[in-house]
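Two complexes are shown next, each including subunit A; its partner changes from subunit B in the first to subunit C in the second.
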Partner chain A sequence: MAAGALARRDQRFGLLLTAPGLAALLLVVLFPLGFAVFTSLFDYTLVHPNHDTFVGFDKYVEAWNADYLPDALWTTVKFVVASVVIEFVIGFSVALALNRVTRFKNVYYIILLAPLLMNPVVVAQLWRMILHSELGIMNYVLGMIGIGKINFLGDPVAAFWTVVLVDIWHQVSFMAILLLAGLAALPREPYEAARMDGASAVQTFVHITLPLMRPVIAVALLLRLIFAIKTFDIVFIMTKGGPGTATDLISYFIYRSAFFGLDVGRASAMSVALLLIVLALTIYLYRYMKSLA
Partner chain B sequence: MAQITLKNLGKMFPPDVVAVADVNLTIGDGEFFVLLGPSGCGKSTTLRMIAGLEEATSGDILVDGRRVNDDDPADRDLAIVFQNYALYPHMTVAENLAFGLKLRKVAPTEITSRTAATSRMLGIEPLLKRKPRELSGGQQQRVALGRALVRQPKAFLFDEPLSNLDAKLRATMRTELIKLHQSLGATIVHVTHDQVEAMTMGQRICIMKDGHVVQVGPPMEVYRNPADTFVAGFLASPPMNLLDARVVDHAGGLAVALGEARLAVPGAFNGAYGAWRDRDVVFGIRPEDMHDGAGPGGRTPLDVRVVAVEALGPEVVLVAALADGREIHARLGPGFVAPIGSQQRLHLDLGAMHLFDRETRKAIAQRGTG
Partner chain C sequence: MKRLLIGVLALVAMMGVARAETLRILMETVPDTEQVKSLLSEFKAATGYDVEIEAISYIDMHTKLVPQLIAPTGAYDIIIVDFYWVAEFTKAGWLLPLDEFAQRDGVDLGRYVPKVMATTGQVDGVTYMLPFYNYVMGLVYRKDLLEDPAEQAAFKEKYGIELGVPKTWDEFKKQMEFFTRDTDGDGQNDFFGTVTQAQRGDCIMMQSSNFLYGNGGRYYDENWNPLLNTPEAVQGLADFADATLKYSAPGSEGFCFDEATAVMTQGKAYSIITFNNLYATINNPETSAAGGKVGITGVPGGGLMGSWGWGIPKSSPNKDGAWAFINWVESFDIAKRRAIMGNAMTQTALFTDVDVVAARPEAPSLEPLVAEANAFPVFTYTVEFVEAVGREFNLAASGQKDPKEAAEAAQEAFADLLRKDGLIE
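After this line comes the complex of A and B, so read on.
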């Protein structure tokens, strides 16, 4: 019983110490969240920014039927699948290669980490300048080797893939580092056993590495999936969702509803829906990671 | 089945760790051969070079007379059982057994029959559907053994397979491995740091130290005639008593001077030991060659002080101190009792004594030219 009392006292003391941090968190995270949920239930527009007209779930229905929502969803799905899959393939290849490296490991790590440490806004600005169709260095270089100018951000197909590639450039290291950590933690012994059993490099990869890496791969894919769904910065800086709706990801679509459509209520409703989707994925990820432990 | 020959085998790990130096061995076809030595002496490295998991930096490895240095591990057709078993964690026991056969394109029906036969022999049939993490250490050990057996390789390489088992299971597995060897007639190279394992299992044992082979021979021969103080001090527990001493003239013959005490050397050794008169030696005597009774005669008395009496049941280990404080161990009958600190007279059977060169630590021949 004394131990219980002691634990309780410890707990109270801990709570006391974390109280300021928790309070700040509540203020900056929970309040906006609550405000969004609250707002989604009202006809709150930037023309009439008030909570006078309660409309229940009308805004959700309105959001679901919004023009171009299917386009935005489809674009988002394409974007997420393309970037996560390509990041996985590149990231895994890089991780496999780096896992064998013994010299200059730190140098490679620093190079890998550099994009991750950059602010997404900076990344997007940087690439916008590099890829500018007239003044960008990319088209200049391509011109020198005899390839014609590519309208990276002006052509709908090119723009979509440009956004995907910039996202890959920015995020692939995350995948590589996560997978590299997984590879480094794999037991060494099964590989020696496989050598004795006569497994070739490919057979070892298929029968040993892939199955052993499955949990790490699943976590890496899910984490990137969750982040990719919320991508906003690159589109905001580089394309503004265009040309047309070629790069109109869901988060940018929501942004437009609020600040161009002026319908904050509807934007809030969509945000809440998106939040629920991401939350579901996160809970799944959390459960999965717990099941591994 | 195969004969394995190591010629001037060496392994250096960069920058300058010499793990194995100039090892020469021939392991006979069907022999149970034990590599014995303390941790870090290069046993595993030697075994891994035979297996092909580690590249030899010098020397040759021959299997049935053919040089295999440049062969892939798979092509050498040897099986290794690792100390930590190294099972495939994501495969069931059945899959673990079958994996090597599948890779070698063995027909599915034969895989089934060989897996079944092996698991029956090792008593792991009820475990076939389990994953390694659902097995106890002893069961994992059996599966690891099964994975080697099922392949029917030319020879088996065991790297301390019993060292992670508890004492009782280890004793059981020792017996089982001996039986297994008898029924298969296979060549087995067994690495261990446990001298009991080596003594009980090996047809021949090879004692290694610092990457070198110190002595090779049948266990009892090595036990009776240790080549140097290292081997003498490594085998058996408690090991041979080793005491710095001098050879002196004594009553018309020779004696070993242990401090003030004089132990008369049996006349038969006088010729061989004569050359060591007035020289520094190490005197060695096994604990079982010291007794608490004078016996039928011919024993040499030595007075000691009792430091501790360890009753083990079938025997008593007496820890005693010489007049100058140096400690010795004696194995006495179960009835021995003595108060700690009391004086006791031990009776030494000097026919079983050993002398070693104090400088080179090598054994001094007891007979022959002197």
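After this line comes the complex of A and C, so read on.
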């Protein structure tokens, strides 16, 4: 049998093997996505759940003009930047520290992973109780060391940073583990050469570790960025977007449009717009990663 | 192989039969649900039906219910309906009318308190639900403080009036101010005149409504014209913002009823306007520092009417079984046993029933609370109304917006939703 024919047979066989997986993927990923895009073009509400009134892009215009949408978008941008940047700084520091550890590494891993394994709803409820301004343990401890009570969830500025910090507490280990895996996979030779040349720890970090870690850092930032944009549970449980609009993130905004406003068409339009923004960011970062490679 | 196949098919068929004899209900994780659970074995003995109750927190209920109600055949045979959702559910045609069932089985619908029946019972003369429990809001106050001669003298000296159970809104405002104090001299108030639940959304709307009514305000007139920017409504919102920022525990801007109740049960507040079914929890000496020291009265101006009803979704897999359950659980005997366990009653006769009063001496005082409660706007977009107006109220209560400005924005949001529902032009 000719080599070309064999390759074609292999290709067909490969396609056959992957077909069920691809079909499942189409069903669970592309169908809901297509449904959302389709629904965003209709006046589909939960009171009249029918695709019988085509409205074109009206729902997109309506979504864009929705009251307080700019507040939700701006709060989301601030939240994403603050949480991802702080998580990266803490996560990278932890990863660098753990990379040198040889004893009790598993113990550190377990401690590090514990918050990540917890359900976000549980995390939010837990912190809600800890941060109760009058009865929570946090203000009790702060009082014992002479710091006055902090109105964690009642003051708009404090509430925003409380949500950011709870998200960091919950998610930082994801960043740390990912970066740690990257550090563990770095080649040893450049470090040995640097040591021979008398490079300091800072020089080694800046000129060897950071450049070699760039692709891993890009992946870690990309993933956390996508997750952070989708943050919902913490706000839903802890603040309901308040006080006022201080913690009103876009995911919760869209959720309210669908389930409180009963307007699935408008919520779908918002979701599709958000998807396009996330997609654009992903493509940009993917290209950046490829350029690094 | 053939035997195995037959065996599997038989098992699947048996599971189907077993499924048909199990009634599924979605309920909220509240004491009233536990009371029902404790009696289910009797229903099983009487009818043969198993009942599976899925109890979840309130915040998840609407989201979980709607997809099941839209589906041709849903997962739940019976649901409980908050009054917020009544117009939405009935307008969407998701609930089964119950009049035929009630007439067939001779159920006296007049046994319910009329206002409760109007809230979670009938819509435009059609019975869609049987009222399950009420959550009318009342004023829970520390009677030990009101009876303290030193407090009475100090209050009289400061305001020139007697200290007693508040009969007017102005009297209650003075009491909120009077009891807010710094007891340990560290410069920060640590005992509060009241506790507010000002978290955005449902929590703030429930409690701030009482401040609106207390000032003589209403949400809308007889033609559904919104009244949120009237002087009374603006004053109500200003009073609520004052109560939250000056007379309540720090952090009240983010409290819901659980956190607010916790402040009261820790003995750190003089009063709380709350759901009457929480009174037993606050007055229980085993779980509350205020236990045995509190009383409950109507909010001056009338409290907020709230209630839940039993309904059968049109998507219910077993409608006859669902009705059998509702008819049983709302029968006088079962309702009375639930009332003795602490259920917030909806049937008029229960408030003065000898056995109920023996178990719950406060029962007769709860009847006027329910009878005089004020209605909340119930229309197709009530849930969105709560969100939009609740956001503006929360902005005022957290000091981010002037109450007048927030009231104007709330008025506009309310009017938009009423127009969307076709109630005003």
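Some observations on this one:
Convention: the second predicted complex is superposed on the first by the 239 of 293 C-alpha atoms of A that agree within 3 Å, B and C clash if a C-alpha of one lies under 4 Å from a C-alpha of the other, contacts with A are read in each partner's own complex, and residues count from 1 in each chain.
Following the convention adopted for this analysis, contacts are C-beta pairs under 8 Å (C-beta built on N, C-alpha and C of every residue); 3 or more make two chains touch, one makes a residue touch a chain.
Predicted, not measured: the structure shown is a model, and the values here were computed from it.
When both complexes are superposed on subunit A, subunit B and subunit C fit side by side without a clash. By the document's definition of touching, of the two partners only subunit B reaches A:Asp197; subunit C does not. In the superposed model, A:Glu189 lies in contact with subunit B only, and not with subunit C. Touch criterion not met for A:Gly14: it reaches neither subunit B nor subunit C.
Using the contact criterion defined above for the overlaid structures, shared-chain residue A:Val47 touches subunit C, although it does not reach subunit B.
In the superposition on chain A, contact is made by A:Ile208 with subunit B only, not with subunit C. Of the two partner chains placed by superposition, A:Pro32 touches none, neither subunit B nor subunit C.
With the two structures brought together on chain A, the opening angle seen from the C-alpha centre of subunit A toward subunit B and subunit C is 150°, to the nearest 10. After superposing the two complexes on chain A, the shortest C-alpha to C-alpha distance between subunit B and subunit C comes to 52 Å.
For subunit A in complex with subunit C, the touching residues are 46-49, 67-68, 128, 132-135, 148-149, 151-156, 159, 236-245, 256, 259-262.
Those residues of subunit B whose C-beta lies close enough to touch subunit A in the complex are 51-53, 72-74, 78-80, 82, 84-90, 99-100, 103-104, 147, 151. Those residues of subunit C that touch subunit A in the complex are listed here as 59, 62-63, 66, 70, 88, 91-92, 188, 198-201, 203, 249-255, 259, 262-263, 266, 268, 380-381, 383-384, 386-388, 391, 394-395, 397-398, 400-401, 413. By the touch criterion stated above, subunit A contacts subunit B in their complex at residues 187, 189-190, 192-199, 203, 207-208, 211-212, 214.
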